[in-house]
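Shared chain: chain A. Partners: chain B in the first complex, chain C in the second.
Showing the complex of A and B:
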């Protein structure tokens, strides 16, 4: 479970979250970040608490049992689409990043296809296997991530004065809703429980200890996301960078390494992380769609092809998106998506409360 | 004492006559009437599979020494080798396996007097170790079961015989520790064995393929081993061992990926040595899978990843090579595979020549002819060596094939393809299961079991 939360947290470092934060840096970002941290932990607590009531059941199971069709079909479709968009944002961001920083000769469609091919296989796996994959890959990458962060933070080019300048803004009254929603997006990982709940036997513990762990890691990640790029690039100039974090990684060199520029390790590692995040999001989305749509017409050799159909659809839509969107639009749409997060939580809680009421738990 | 041929004796019991007919009057089917005064008995057996001396000692001699038929009958019934009387088809199978049918005053007994020729344990060939037991299983299931019982003297060890329905009618024994085994796994294994319908299963190697869950599988979901210490270790960890008569290998199920990376010798070394060799093996595994594909990614797609000096030296060594890097890699890897494949089958004296010619001469000549770069030669030899680091050969074969898949994916998609392809392999492994147990998974709770065999 914690892997899911942490993967989403770390994955957002390369996504649009730092950029949004940095752009809004004059409007009391620090306060919104602290608020997002508190809200994020509280929301995580509520979600886990609610799902504990229905241990061993996924959201579609619960809704199908306790609510009527006109209610659960739109809700699940809404969730599925949200998850698909979340995955697509990660994918498109990464593809942009990769073509900008590593290989601009390779066409974007080709890079996207490479992702889509592998992710399609991953989406069709059993949910349990998805969890195992996330666990293994995340642990493999974790060491390198920690190494990278330590390396970057101890770099001599990191100017703590800039960080202090940024800190000074703590008193600014928050005016930015956008930065709050972007920062709280870091904590969205927990809602993947809607599908994976069926694999957690027994109750998930979420006491003070777990809350502290998630809070600390969240705070650390937020701190790294926001302050380190500022420390490297300066409080004033940072607004002009499209990918503040990658540019930051690019300013660090390893004197004795086989790979001299840290940015390549960074990008390769984050390929793994964004892949995991993509995998989890789209897998959840697929499972949600599967739970309501089973096309009986799409049958071939006794196999229902609906899931293959959805996988194909996902791939096609994201390839289309990659060719159409530019970086500015991506950023715009991503922030709109982050801004809708409260609605997302609201619907999730509403549906769970309804189910709970009906189930009389 | 006189021995007559069956068809000359008029009062042979009906059942024996019938059996004799059913066995097609084969030359080696003998029906021997035993007669002493008023007492008589009949013995029916197949001469080619029954131990003649043993038969003489434990059945024929006592007949003439014991006073009455009742004595003889109770003597037979108390023989240690007596088995339950079978009927019909099963009886015929038992007879062809070396059982003797005895008839005493309308009573029939079946005694197992098998002649076993290949019952001496062999040298451990599949996974030789320096420390640890040197002898492996033998070709006879009795000896093997005896070896395992001796090594694993736990009362909870259960042996279950399964009769296999095919032409060889081999005995298959299912071994497990009743206390430790996971019931779901045991049921899955049993079901799988019962479901098999193949006309001829020759050895456990054959059986292992049949037990594999999918028809076209790449990674083995079962370990084949000839080491008794590995078997007992696995039994102690709650796994199911399948043994087949006539084959010196046992099947261990279910297995997970980490099982394939551990050699039996790891249990006989001190902690840090084991730790070091394990790290070495995983490093070898990664090198073996990633290196060829990485070469393609780095030379053809993103040479700027490496520091400038290294990138330049790689590029310089590729100066004269006329084709893209993936052809170069494929070409060299194929040559290496040819070399491995040919030297496996050759007798020892010739295989040295093959490796010398292939390895030394071809390597130097290929670079001088500018067909490959020097660095490619280093990579190929590194890959060749590391593919033998994996202790279980089936796994190392699977990894060798994976390498080509990754190479293809990298050639198509570049550096992203390399990483994603690797993640894809991990996903493929996690999605696989061996008798209901996930194949690749990090097991936190039982770190001792995690070490596996």
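Showing the complex of A and C:
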């Protein structure tokens, strides 16, 4: 479970979250981040607590059992679409990043397809295998990530004075809802439980200890996400950077390293991380869709092809998205999506409460 | 699940083989189709006002390092309305793709530093393949000349120009180095001004000399720092040691070598207004040259003498930059870290800075008189 939460946190470092935070840097971001931290931990607690009531069951199971069809079909579709969008944001951001920094000669469609093909295999795996994949890949990458962050934070060209200047903006009255929603998006990882709950036998513990761990890691990740790019790029024009974190990684030099430019290691490692995040999001989305749509007509040799159909649909839609939108639109739509997160939580809680009521009756 | 029949196996093999055939259409260009740009120079155009002359230093790949005595370079020069246009035209001057991923140095003509800094830098920062850890330098007389210089000591597969800055080879307090991201950060930020090294070459182009620097601020003539001031700046801003001071004392000339130094400073404030800069420097070193015999007992006295001497030099540097209203060390930035940010913070500072008294304290710790007394 924690892997899911942490993967989402780390993956967002290169997604649109730091970009939104730095754009809002004059509007009381620090307060928003603290608020998001508190809210994030509380929401994580509530979600885990609610699902503990139904241990061993995924959200579609629960809803199917305890609510009527007119209620659960739109709810599940809404969730599925949200997860698909979350994955698509990661994918499109990464494709843009990849074409800007690594391989500008490859066409965007080709890069997207390469991603989609690999992720498609992952999506069709069993949920349990997905969990194992996430765990293995994350553990393998974790050490390199920690090394990179330590390397970046101990760099002599990181000017902590700028970080302090940024902190001195703590007094600014928070005016930015956008930065709050973007910062709290870091904690969204926990809601993947809607599908994976069926694999957690027994109750998940979420006491003070767990809350502290998630709170500390969350605070650390938020700190790194926002302040380190400022230390490298200054406070005044940080909002002009399209990829604050990649530029930051590019500012670090390993004097005696085999690869002098840290940015390449950074991009490769985060390729793995965003792949995981994409995999988890789309897998959940797929499972949700599968739970309500089973096209009986799409059968071939006794095998139902509806999952393949959805996978194909995902790939097609995201390829279409990549060719259609530009960086500005991506950023705009991503922030709109982040802003709708409260609705998302509200519906999740509402449906769970309804189910809980019914279950007891 | 499928049972893996013979038929399916054959089908799979055919599909795989066909996949391999498609693979050649990859969007990546091979290394033999690329030319590596290691340095870019920007000069003002000689023909037209407002245009740029761009020089690219290309490294020619060698087959074997052992056989090559000297590195082989190729230069491309073209003038254009903007940098992009010039580079696009230069692409047609060669049969291969220009690869900017290895560009380690960006030379900007001194004359461009007054008004065109942001213009010039914008292009390099915007390009995703250009390193942000490329070094930026101000070229004296012309960037083209500096790039074309091929020092005698240069070996194959190592460019002297960049080795001046990377602190693996020569390390000297006379050399300032500035990464592209650093230069951009400091030139855009309030409360600190960027410093660039000045790179000169001798007439034959067989030597590169880097020992001066220049403070750049958009919209005003840049201030050139002499070698001495450059040294002072480096010791204050980067804690670099490895330089010497001459003390005259009772007809004796003593030269003190400073190995290590540590600088601390803070801005004293009264009711949110800056009142003074308090700076404390601790130096450790030894005596390296003297006309007469010295006694170890007198080290304390020499400490005192050295302190006065160092203080005089550093004060001169600090008051000069203050008079010019430039702030390469970042006192203003320091001031901003101490106060909650609002629109007035920087204007209060800007008003106060030129008149701010500096309280300088120097502590010199001489450890020895060398091998002889």
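Going forward, the second predicted complex is superposed on the first by the 360 of 361 C-alpha atoms of A that agree within 3 Å, B and C clash if a C-alpha of one lies under 4 Å from a C-alpha of the other, contacts with A are read in each partner's own complex, and residues count from 1 in each chain.
Rule of thumb we're sticking to: a contact is a pair of C-beta atoms (placed from the backbone, for glycine too) under 8 Å apart; a residue touches a chain by one contact, two chains touch by 3 or more.
Please read these numbers as outputs of a predicted model, since none were measured by experiment.
Trainee: After superposition on the shared chain, which partner residues are touched by A:233: those of chain B (first), chain C (second), both, or neither?
Mentor: Only chain C; A:233 stays clear of chain B.
Trainee: With the two complexes superposed on chain A, say which partner A:271 touches: chain B (first), chain C (second), both, or neither.
Mentor: Once the two structures are laid over each other on A, A:271 reaches chain B alone.
Trainee: Now for A:103: first (chain B), second (chain C), both, or neither, which partner does it touch?
Mentor: In the superposition, A:103 touches chain B and chain C alike.
Trainee: If you stack the two complexes on chain A, which partner ends up touching A:164: first (chain B), second (chain C), both, or neither?
Mentor: second
Trainee: For A:251, decide between first (touching chain B), second (touching chain C), both and neither.
Mentor: After superposition on chain A, A:251 lies in contact with chain C alone.
Trainee: Jot down the residues of chain A that show up as touching in both complexes, chain B in one and chain C in the other.
Mentor: Looking at chain A, the two contact sets intersect at 103, 105-106, 110, 260-261.
Trainee: Which residues of chain A touch chain B in the complex?
Mentor: So the residues of chain A touching chain B come out as 98, 102-103, 105-106, 110-111, 113-115, 117-118, 121-122, 125-126, 128-129, 132-133, 135-137, 139, 257-261, 264, 268, 271-272, 275.
Trainee: Which bits of chain A are touching chain C when the two form their complex?
Mentor: Residues 100-101, 103-107, 110, 157, 159, 161-162, 164-165, 167-172, 232-237, 247, 250-253, 255-256, 260-261.
Trainee: Using the touch rule from the top, collect the residues of chain C that touch chain A in their complex.
Mentor: These residues of chain C touch chain A: 26-29, 128-129, 131-133, 166-168, 179, 181-182, 184-186, 188-191, 330, 333-334, 336-342.
Trainee: Flag every residue of chain B that touches chain A in the complex, lowest number first.
Mentor: 301-302, 305-308, 310, 409, 412-417, 419-421, 423-424, 426-428, 430-431, 438, 440-442
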